[in-house]
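For reference, chains read A, B and C in written order, and residue numbers begin at 1 within each chain.
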Amino acid sequence: MIVFEQVIKKYNNQDKAAVDNLDLHIQKGEICMLVGPSGCGKTTTMKMINKLIKATSGKIYIDGMDIDQVDPINLRLDIGYVIQDTGLFPHMTIADNIATVPKEKGWSRNKIRNRVDELLELMDLDPEIYRDKKPKDLSGGQKQRVGVARALAADPPVMLMDEPFGALDPITRGKLQDEFLRIQEKIGKTIVFVTHDIDEALKMGDKIVVMRDGRVVQFGSPNEILSNPADEFVSELIGGNSNLKMMNLMKCKDIMRLIPNVDSRESSKAALKIANEHDVKNLLVTDHGQKLLGYVSYGSLASNDTVVSNLIKEIGETVTPKTTLQDVLSKMFSLGKKTVFVSGTKGTVEGIVTMDDLLKAVKDDEQISESDI
Amino acid sequence: MMSRSQNQIFRLKDIALIVLIFAIGIGFSVYVVNFPQDKIVERFMSYEKIIRSILQHLSIVVISSMLAIATSVPLGLILTRPKYKKFAKTVLGVVNIGQTIPSLAIVALFVGLLGIGTRTAILALWIYSLLPILNNTLVGILSVEPSIIEAAKGMGMLPKRILFKIEIPLAMPIIIAGIRTAVTINIGTAIFAAFVGGGGLGDLIISGNNVNRWQILVLGASLPALMALLSDIIFGAIERKTTI
Amino acid sequence: MKIIEFALSRWESILKMTIDHFEIVLTAMLISILMGVAIGILITYNKTAAKVMLNIANIMMTIPSLALFSLLIPILGIGRAPAIAGLVLYTQLPIIRNVYTGILNIDPSIIEAARGMGLTRSKIMFRIKLPLAFPVIMAGVRTATVMGIGLGAIAAYIGAGGLGEYIFQGINRSNDKMILIGAVMVSLITIIIDRGLGFIQKKFEI
């Protein structure tokens, strides 16, 4: 979708290039994070895409089209642009702010109105309340939501985002990141996202470009960056606890194991047989294969010769398939258990995650002794 | 080079301008006296006449400006003390309205009430130039960061020491800017003194107009203009010097 | 109290002088605002030009008004036209300076966002920069207009007419009443116009 070919940017008063021979392919529908310390060339790289900064040499293509051949104004009208300080026009209402590009494109008044309301709703801002407000009446987080809505207004295929959440407090930032990921799932834009925060890059990115001194140090998925940092610089950028960060990227559904059912009237021996067949340590106990009653553990089945219904334990708190592994771990700590069940949609249990699973997930190569449970 | 220019009051540019101003003023005076356009100018213009007008003009400006500084700065300081602070805003409002009144109207008001003469002129200039200085003294002191005063208090400084060691030095550039405005205005307004019998360079303008001789008129107009530029440069330099 | 009787007996000529005064000042201000805004906009595109222009305008302001008018006599003669020219020259600085600083002080992120979204240069100027700078520009126009009214009185010295005429004639004839009426009228008009423009200025603040 967006292709850089040997792009160089030199500012006239410096001999060192701000962006040095950059080659980059950004796939359609991906969030590509440009990350690195200040002065690494990430913002320059991004601004060359909408020609706010002109490349000294090299070619940039958007959807196969050489941007040199496109008038900058037309180019920018088709690229959404979000910046850290929002850049909302303080003299215009929220609606007029969002309507800027559609107006430039000559949309009808009705179409603009509908689009504005649609976007406000998408951003979780009630159009009735916010449409006619001025930017100064909004909180920082709300302003940035409007900033994103404004960039999305004319439904551009490409969005450029320059540290959009950088000026927000950590709680609002986290919330907006989550919201934006949710929206991106629906809209599937090609997004170039500049940040200096590696955690944001890991969380938001489909791909991450780590930059330093105008060059790409590493290009890859968050997993690749975390599990295989290209050099010292990247490891340092990631910081010490890359395993924990990895756990933040992975979801329950990636590692959870399915568990078989056993009827509560079965004997413990029969239950053990099922467990052995499936090579699992826990079984769900159901009533006539219908109602979920709880679970039985391998240990209790092995040491007691009775019917399963006597050994049922309560399932307790569960996690969802979308819970990150880091949250699973903290759930285990707070419950004081080495296993948690993963709930399905309607009170059902879909699977189980154990401490060992977590360890294996982050350290694939390491052998972990199959101990208790 | 940088460090040297920071220690000096005048920048090279200022010195060049000052020299230029003097050159134009003296050069033009010499030209008019030595190459008068006709007999009338020759009879009318002399070095003594020019110097006398300049000195008269200067004395009106200096006296009225000194009086203005001597009254408005202490007044401004008193009005910013906690005891009288509540009046400061009202005074600022009145001062602001006063400042919008044109200089000619002020001079005319005083003449209308007190009759003509040098004293009237000086009094009018004094009152009028009091306003920008009082305004800037109030604004300057009131805009000192409250946290700085808080810190000084916290360290146990006495109010008097806070005023002289903290507030005045911090407000100085703004006060100087007020004086700069006042003096520049006074140099211009002092021209009106001639209209009300106060003498000064305005005399040359009036005479030049009456006898319709451009040399006298232009000399009378350019000398106060040069004087105003000169004072602007000098006070501008002091203002810069006092800026931290 | 004699002065009020005097004013009432002369109200027709006072009214005429007042109207004259407004005519001169309004004409001059219209030209001055158009010129000043145009120059102020143009110099935002070039730093050197801005520096030169603001310096010239600054020096212009330092020159005493009566001196400036007198200097214009040998060039333009006397009457309304040179008076208006003088007023225009003299009132340029506050307008140019405020247009310039008003535009340059706009949060750069707003301009960047506008550029990034694909607004053209002229649209950014007229739809973003000028509306945002409007309160500051208005403040400059206010200062300039207030100055203009005072200058209009001084311009009577070079034969422009208006309320200044009353003051200068009063001085010539040693007529205190005329001087006072002229002075009070000019002062009142300046204060009223200043307050009025101040009110409008506040309305437009964002």
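Everything that follows uses one rule, which is that a residue touches a chain if its C-beta (ideal position, glycine included) is under 8 Å from a C-beta of that chain, and two chains touch if they have at least 3 such contacts.
These numbers come from a predicted model, not from an experiment.
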item: Inter-chain pair with the most contacting C-beta pairs; value: B-C
item: Chain with minimal offset from the mean of all protein Cα atoms; value: C
item: Most distant chain from chain A, judged by the mean position of its C-alpha atoms; value: B
item: Distance between the centres, which are taken as Cα means, of chain C and chain A, whole angstrom; value: 58
item: Centre distance in Å when chain A and chain B are each reduced to the mean of their C-alpha atoms; value: 66
item: Computed distance of Cα centres, chain C from chain B, in Å; value: 22
item: Complex contacts: residues of chain B adjacent to chain C; value: 97, 100-106, 108-109, 111-113, 115-116, 184, 187-189, 191-192, 195-196, 202, 205, 208-209, 214, 217-218, 220-222, 224-225, 228-229, 232
item: Chain A - residues contacting chain C, complex; value: 50, 52, 72-79, 81, 83-91, 100-101, 104, 134, 136, 147, 150-151, 160
item: For the chain C and chain A complex, residues of the former touching the latter; value: 107, 109-120, 123, 128, 131-132, 206
item: Complex contact set, residues of chain C against chain B; value: 59, 62-68, 70-71, 73-74, 146, 149-151, 153-154, 164, 167-168, 170-171, 174, 176-177, 179-180, 182-184, 186-187, 190-191, 194
